[in-house]
Amino acid sequence: MIVVLRPEAEPAGVERALVERGLWVRRLRGASQTQLEVAPHSAAVDPREIASIAGVADVLSVELGLPRVTGLPARLTLRGQAIARGQAPWVIAGPCSVESEAHIHRLAEWLAGRGVRWLRGGAFKPRTSPYAFAGHGTEALAWLADAGRAHGLGIVTEAMSPEQAELVAAHADVLQIGSRNMQNFPLLRAAGATRKPVLLKRGLASTVEEWLLAAEHCLAHGAEAVVFCERGIRSFDPSTRNLVDLGAVALLAHVHELVVVVDPSHGAGRRDLIAPLSRAALAAGAAGVMLEVHDAPGHALSDGSQALPPSLAAPLLLELLGPEAAA
Amino acid sequence: MIVVLRPEAEPAGVERALVERGLWVRRLRGASQTQLEVAPHSAAVDPREIASIAGVADVLSVELGLPRVTGLPARLTLRGQAIARGQAPWVIAGPCSVESEAHIHRLAEWLAGRGVRWLRGGAFKPRTSPYAFAGHGTEALAWLADAGRAHGLGIVTEAMSPEQAELVAAHADVLQIGSRNMQNFPLLRAAGATRKPVLLKRGLASTVEEWLLAAEHCLAHGAEAVVFCERGIRSFDPSTRNLVDLGAVALLAHVHELVVVVDPSHGAGRRDLIAPLSRAALAAGAAGVMLEVHDAPGHALSDGSQALPPSLAAPLLLELLGPEAAA
Amino acid sequence: MIVVLRPEAEPAGVERALVERGLWVRRLRGASQTQLEVAPHSAAVDPREIASIAGVADVLSVELGLPRVTGLPARLTLRGQAIARGQAPWVIAGPCSVESEAHIHRLAEWLAGRGVRWLRGGAFKPRTSPYAFAGHGTEALAWLADAGRAHGLGIVTEAMSPEQAELVAAHADVLQIGSRNMQNFPLLRAAGATRKPVLLKRGLASTVEEWLLAAEHCLAHGAEAVVFCERGIRSFDPSTRNLVDLGAVALLAHVHELVVVVDPSHGAGRRDLIAPLSRAALAAGAAGVMLEVHDAPGHALSDGSQALPPSLAAPLLLELLGPEAAA
Amino acid sequence: MIVVLRPEAEPAGVERALVERGLWVRRLRGASQTQLEVAPHSAAVDPREIASIAGVADVLSVELGLPRVTGLPARLTLRGQAIARGQAPWVIAGPCSVESEAHIHRLAEWLAGRGVRWLRGGAFKPRTSPYAFAGHGTEALAWLADAGRAHGLGIVTEAMSPEQAELVAAHADVLQIGSRNMQNFPLLRAAGATRKPVLLKRGLASTVEEWLLAAEHCLAHGAEAVVFCERGIRSFDPSTRNLVDLGAVALLAHVHELVVVVDPSHGAGRRDLIAPLSRAALAAGAAGVMLEVHDAPGHALSDGSQALPPSLAAPLLLELLGPEAAA
């Protein structure tokens, strides 16, 4: 953002007024004039308020091109549930992969019994190695949807390619786009075209601006809504699997007033940090959390190491959902 | 960590038992044997528990050399106040720089009236440019200490070089080491030698392991205690000034059981994110927060853009400290 | 890598022998034994050499699962041209986007006249904003292939989704996978299935190990060869668009003995650094460079700011290809 | 940088003219005017040239406050040797630590015999662990200086604290500031006050702008010159110890026209990449390289794993210095 000064203005005075409002300012000098540059990490202030400061001639900013993201509501209603910052947390739980029909039914039942209303599980799994288990595919989608129906749970699951989008949308209430695909534009378009709400995971090294623009791709092609999901970015520190950026969560929730959830399972990759990071996510402004839960993590077909077993999931779900949620 | 298998053990079975406990495992193969490598982002599990798994011959790990950090208590008592995860939050507040005798007294009075018991303020300021205001120095130390005494506040302030350490320690209850100095080893030694508790800010690109080792430097030279302060690490995203790593906070608080605080003012650099990040910090396991507060941020001599003015500080302090804390 | 010691071995002696060979070593201790951990940033040494050190019982390592990448030759022949470290540089040049039939013919002619034998240009363009120009699509592919044929140039161009792969392969000699799609696994599979050589750009925050595994996806599904393309990773420093990691280039070229090229246009994003970074890339072991060239960058439909105009491209091509290459 | 348009100017035309010159441009819009923002990763163009474009009213930029850095020459003469981009490479070689009087003499003799004219070696060593060898201190300084004198070598060695600066300067031709101390401002001031040339290593997560400002600290306090040393920044990829940023080297050498050297030993941490990265560094514009060499790396007191043994150092020195340099 650039603050243009009136010819007669005293720059230092305007600078003080901007700093007073939480803006980071540097002076720009040219041959004939001085203006003020406002850094992007400044507090959000209405440009009209800035324009009203004595000495300010105009306030200029880059048009990011986010007409549809800007129009998103701060509160969604999905399957009758209000999803927003400050509401009862939206808890999406389930295994990393849908492993078998019996297994997903068993887990769905267990989760429903603890008050969970949304089920996650991968039918198509992105895997770093071509030789790893990549999901049971179409069949698993049907098992998942059926388990959700049987236990009254909404379904969140991932589509990995444009041609899968319709199929996945036919079985899911919310279409998930994975972190590695945040800028897979053909997929974003196809996901949007299904008209389902999209849960858009942040890329491993994506800026907030790129994340918003990725959502705009979905919305421009028809998505009903986009929920942002922070799942950890890449870091230099091996002590956690990824680095959960709760500043970005607070920014989306409080400044952009968007619906954002956090996936602490992938974020930390450590079972022993999931409870405190879930609490922190909600405190930062997240509308909910996405949790990996498995009844026997040692036998999970993928990512069992970060899944919560029932003994750890039960008290966390009780804390998040309250005793009245459980059946 | 390495898990050595007994000759007759079936690796897959031991792997399942490790994954069951939240460990990330890869198989290591040699000419004559197979062992299991456990990634550092695994959940912390007592090696004795691992050793008791059928098929495990031994559990090997690197000795980090942290005898004194390992011995630190999870709870400190400073000026009669219990400082620990889960206790009433330790709130340290004040201006970025100590600007004048009158100013620091005025702020100290205002803060004390809202229940704050700890005052921060810089006498010696690290500044990126050699031509920027670098603090009022020795004189400011005395003003700060005097303001603390007058209003019953403990003092946290920074020493920037070994020869300042004694002087700063004479005026401070807690000696702060800044982020840029986290691996300034002569300073860590000098700070330790004062025998004061040290508040050790994390370096901009420091791993948790390096942070713990920096604390070991202080402790090995005599520091009474070390409090860890997460203040944001460097990121690629310009939308916040730094990136607050609450996963590291949760790790220190819940796994290492150390006392850690968060500085959301430097962490986000954005006044509009300080309240949610303060809540998130405490939810993640921080024992407290360090807040920049200024009665007229537009006139601050440094970092006014991230300081909370009274209108924003008052409700946050009320939320953090409770109505009974205020005078 | 883990070095298992014989029971009677003296660890310090083995450590010295390992350090002598350029390995970074930490001691692992358990209840009954000591082993040595070798860090991944160690020099590559044949495990058999390590096993032959006195006191070493076995050398264990993780099987990365790269059978096909490991089998790739250090030298490719494409369109009769030897492509390898140390050979005459493989120069791929052209515009960011294929803008019109006339335009790509004009550029192809100009490049061919300066000795370039490979033409790049995007028909399908990944764009951060949904409202930006995204390429002329199928039509542009035909223009590009035709321009290549007319001027004797090989074609390198990008496919963005699985269903485009066959079509793109029908027009291209080498199929490009863009940075944002490095872990778009359905696309990697489809690209492999075309049996064309794949030019695989490194993801913005991908490790070398992930990059190799992405290549394995292509190879496992049929790709004839994979060429690795370093195009800059994400960094905290705004003074270059991305950060060119020539250490990774040296690692691939000298240790893994793979064919790697560098795209300094995207890497730096700065026209004024393209010549020195091209030289540095080749010096680090790259087999070639990929350059954006445009006859009128101000009118380019995308990324004109980083394209070299003829006045700058001509001397660089002369330097890279030698005077004898020009027509 | 901001380009102010004349009221009658057509923004698109000016944008084209800026892109034509290699600038990245975004349009800034306000209530009454439009201006153009130029990104920092744009090619460097003289503001007067931009001001001369039709439609441009003024060109504004932030004054970084680098009067002394800006005045530094592109070529230094140290001990009679021209040090600059494009000159015979400035090779500084030696052990990580000065280990004993006999040892440093032996190495100095060996290096001098291969044409090296500058000796490095640490008397005071920053170490991550407080229990690691931290250098032989004052005594080692004398050994180092004596070895340099005996063999006609200039000395580069590190000072770690302000009170060491004078002492180190008394023994060194060039005073080194380590990476962890790049923003240790009291040290920068003390180093400057010795009036010696300073070799300033880049911090692990420092921007180029911060690096230049750190140099300004030295110069403002009296340093005769500053040489910039890129030694790798922190990365997420464990396959190299650090990530050598040769884009930053090219930027300093070609755009800022400063003297920059590269330390590939710390940069890669891998002995097997030091030769290609040395070549790449010089190709990118470095005036020289700093190499760790040890006659018996397995017995080195620190960082032996990255030191070149004579068998590898000899051919690299021959390549860098030419056969005529050797005695």
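In this document, chain identifiers A, B, C and D correspond to the written order of the chains, with residue numbering beginning at 1 in each.
Simple rule for what comes next: a residue touches a chain if its C-beta (ideal position, glycine included) is under 8 Å from a C-beta of that chain, and two chains touch if they have at least 3 such contacts.
All of these numbers come straight from a predicted model, not from anything done at the bench.
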Review point. Counting C-beta pairs in contact, which comes out ahead: B-D or C-D?
Key: C-D
Review point. Measuring centre to centre with C-alpha atoms, which chain is farthest from subunit D?
Key: A
Review point. What is the distance, in whole Å, between the centres of subunit A and subunit D, each centre taken as the mean of its C-alpha atoms?
Key: 40
Point to revise | For subunit B paired with subunit D, centre-to-centre distance based on mean C-alpha positions, whole Å | key: 31
Check your understanding: How many angstrom lie between the CA centroids of subunit C and subunit D, rounded to a whole number?
Key -> 27
**Study point:** Sites on subunit D at which at least two other chains make contact
**Key:** 205, 233-236, 238
Check your understanding: Where on subunit B is subunit D touching in the complex?
Key -> 65, 126-131, 134, 160-164, 180-181, 183-189, 203-205, 210, 213, 216-217, 220-221, 233-234
Check your understanding: Can you list the residues on subunit C that touch subunit D in the complex?
Key -> 15-20, 22-25, 39-44, 205, 207-209, 232-233, 235-241, 243-248, 250-251, 253-255, 267-273, 276-277, 279-285, 296-300, 304-306, 309
Study note, to complete from the structure: Seen from subunit C, its contact residues with subunit B in the complex are 2, 4, 26-35, 37, 47, 51, 57-63, 234-236, 238
